[in-house]
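Please find the structures below.
Heads up, the next two complexes both have chain A, just with different partners, chain B and then chain C.
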Partner chain A sequence: MMPPFASILFYLFAAVIIFLAIVSVSARNIFHSAIALTGALSVVACLFALLGADFLAATQLLLYVGGIMIIMLFVIMLSQQRHNAPQTNQQWVWAAALSLTVAGVLIYTFRDSFKDVPPTLAMQPTTARIGQLLLGDMLVPFEAISLVLLAALVGAVVFAQDTLPPSK
Partner chain B sequence: MTLYHVLALSGILFSIGVYGALTRRNILGILMSIELMFNAANINFIGFNHFLHPGNVWGHGFAIFIVTVAVAEAVVGMSLVLTIYRNTKSIYLDEINIFHG
Partner chain C sequence: VSFELGAIVSHAFQLARTWMTARGMPEWGALLTTMSVETIIVISLVLFIPVVMVYAERKISAAMQARLGPTETGPWGLFQTIADTVKLLFKEDIIPVGGDPWLHRLAPIVAVAPAFVCFAAIPFGIGLIPVDMDTGVLFIFAVSGVSTIGVLLAGWGSGNKYSMLGGIRGAAQLVSYEIPRVLSVVPALMLYQSLSLRVIAEAQQGRLWGFFPKWLIFYPFGFIGFLLFLICSVAETNRTPFDIPEAESELVAGYHTEFSGFKFALFFLAEYAYIIVSSAMAVALFFGGGDGPTIAGGHSISWIWFQVKMAPIAFLFIWFRWTFPRLRVDRLMQFCWQFLLPLSFVNILATAGWILWRG
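== the complex of A and B ==
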């Protein structure tokens, strides 16, 4: 039996996440939308902690809120923004219809498939087991992702140069 | 709090991300919407792991890989945005018309 406090917390987190996500995709000022996205990602980290993923919650805070959002705010401030320019294009009606359809289909499918899964209380610290998993069964993708990160690093440096290097 | 509610939250978040990616004129807004969709997928992974395989951490491992790929994508995307802004003085997608098609 789930303690009701965790349920209350879950629905609170869900409401805050959905509200901040809607603000993030509809705000007129791109800076406000970045701040809302930062809040949404932080609350998603809280949700991870609630679901027993303590290491992933810390990773989310460190990488998303501390890394990606800082870079995003830097780029927003580096690129001069015109004020009061419309932020959405003309196809928002169709986009809203499509995204509502996607949400409806997803929720309907989930309800049919996973309605009677019992809630669990099993929560253990996960960091040690994640370490063993990453350097054990997931060793090959772990090494491959380091190559991906290296390629992204080099690519970012190449793209952000003032002048592209002359091609031979 | 059941698995269905966690999955429904993730579906709603994903569709909000789809809406943002389709309607934003700003490249940065589209990148932010893509981050929302990544997070919806991560919530799915963690929810399945928590409710269906409570003694396992494979979902956490996959979610960590998703976060890593999202970081790489964001870094390359940001440097591309800066380059596009430096060349065209605009970050609005409908004003960038490099190919004159």
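== the complex of A and C ==
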């Protein structure tokens, strides 16, 4: 009995994501880590597309791969030398404990969520509904998050200035 | 009898699927087979783009500079680009000693692969769209953004200061121009209330007063949107006047300095494929897609009209390259952030005002 084609793709994508995630934390070269993370985020977009979230998939690719990862690579190119970065520092015990706790909480929370993965429903357009939610029911939280981002942007500009503006 | 290529192709694939399932192939296997054939057709056509575009570029630039261009290889020099391609394929592949060999191998692939994927969402006429997805415009912007990573990889992986500077410049330029480029098409999305290129193109069919086409380009904000989209698309393909990442007089050849043979050809392929993607998007968004006069008996030939409209826009890309001087790197960023971006916001506001006034 052949498993459904969508299932094969799902487990293939999942395996690739896990492999690239392990590479991104274990690679000695920081640029290689960033590339592996980029790959992992792209395959997450493929996973979203497979699960029928077309808008989310495109947004994931546009923001994470086309935006955030490019800025991250840009920063590495400007600031790093070509040497192998140390992989751990003195706080690795606490970091590992925290990561395991977060993993445990996530697994506990989602233990019942993957009964029928991948879903057998047909692809439904989601964009119009998301737009109505963002500019309707969810308008206040949406605008609040925009304000937080604006504050972060202004803060970054202030920090990036060579000298502080002269005070009167 | 139908002259619509889309209907003919989908009918042929339907027949093939029926034939395969009748011989005991599972439904998904037949679908996978026909989709693979479809993919191979699209990829072959994309591979053919640079052959045509490079010939056009050489002949047009020659005409603009009072030269002849290629004349010797074949009639009117038609086989020149084929000869060039063969030469590039047989050239030695050199990986610099100081570079990062894996990143050097990966860079051309990352730069060129998204260009192929973009063609999946483009409606080359009625029914002639490889994958009719609901979020077509967003999909093309998202996927084409991945090519920037290829530029960065090439810059870092070459282990060369010129490549490195080219990569950094390329990333800064491409990320900046991506923003007004996305915003320039928002008026089209607002007016036709869809993210699908097919729906937007079909919404522009019909005639005002019986003869005037209802294309978006004839609205004031549609015209400004098209200009913004065109300028940003030229910047996204790294062509003059926006070729700061590969400026010959400053950076040798920028991020692809250390690439030879086949890998260099892949960067070239990506550039020309993106010209066609941008032209096709412009036709679908601003020029009514395959809308045009019907031939005898009322048969529409949208796929021919689509190509006919796409060619002049691709010509604009070549025209710009051979007539404008290169911008300085700080002026380039200033132009984007202080002129194009505010203008695209004003354009969106004007469209919103018009939609409100229209009711």
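What we mean here is this: the second predicted complex is superposed on the first by the 124 of 168 C-alpha atoms of A that agree within 3 Å, B and C clash if a C-alpha of one lies under 4 Å from a C-alpha of the other, contacts with A are read in each partner's own complex, and residues count from 1 in each chain.
Quick note on the criterion: a contact is a pair of C-beta atoms (placed from the backbone, for glycine too) under 8 Å apart; a residue touches a chain by one contact, two chains touch by 3 or more.
These numbers were taken from a predicted model, which means no experiment stands behind them.
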| item | value |
| --- | --- |
| Partner chain in contact with A:Leu78 - chain B first, chain C second, else both or neither | both |
| Greater residue coverage of chain A in the superposed arrangement, chain B or chain C | B |
| Partner chain(s) touched by A:Gly136 [first = chain B, second = chain C, both, neither] | neither |
| First, second, both or neither for A:Gly67, with chain B first and chain C second | both |
| Touched partner set for A:Trp92, first chain B, second chain C, both or neither | first |
| Contacts of A:Ala103 with chain B and chain C, given as first, second, both or neither | first |
| Partner chain in contact with A:Thr59 - chain B first, chain C second, else both or neither | both |
| Chain A positions touched by chain B in one structure and by chain C in the second | 2, 55, 59, 67, 71, 74, 78, 126 |
| Of all residues in chain C, those that touch chain A in their complex | 26, 28, 32, 100, 102-103, 106, 133-135, 138-139, 141-143, 145-146, 148-149, 152-153, 155-156, 159, 164, 167-168, 171-172, 174-175, 178, 193, 195 |
| Chain C-facing residues of chain A, complex | 2, 4-5, 29, 31-32, 35, 38, 42, 45, 54-55, 58-59, 61-62, 65-67, 69-71, 73-74, 77-78, 82, 125-128 |
| Chain B to chain A touching residues, read off their complex | 1-9, 11-20, 22-26, 28-29, 31-33, 35-36, 39, 42-43, 46-47, 49-52, 54-55, 57-58, 60-61, 63-65, 67-76, 78-83, 85-86, 91-94 |
| List of chain A residues in touch with chain B within their complex | 2, 6-7, 10-11, 14, 17-18, 21-22, 24-26, 30, 33-34, 37, 40-41, 44, 47-48, 51-53, 55-56, 59-60, 63-64, 67-68, 71-72, 74-76, 78-79, 85-89, 91-92, 94-96, 98-100, 102-103, 106-107, 110-111, 114-115, 117-120, 122, 124, 126, 129-130, 133-134, 138, 141, 145, 148-149, 151-153, 155-157, 159-160, 162 |
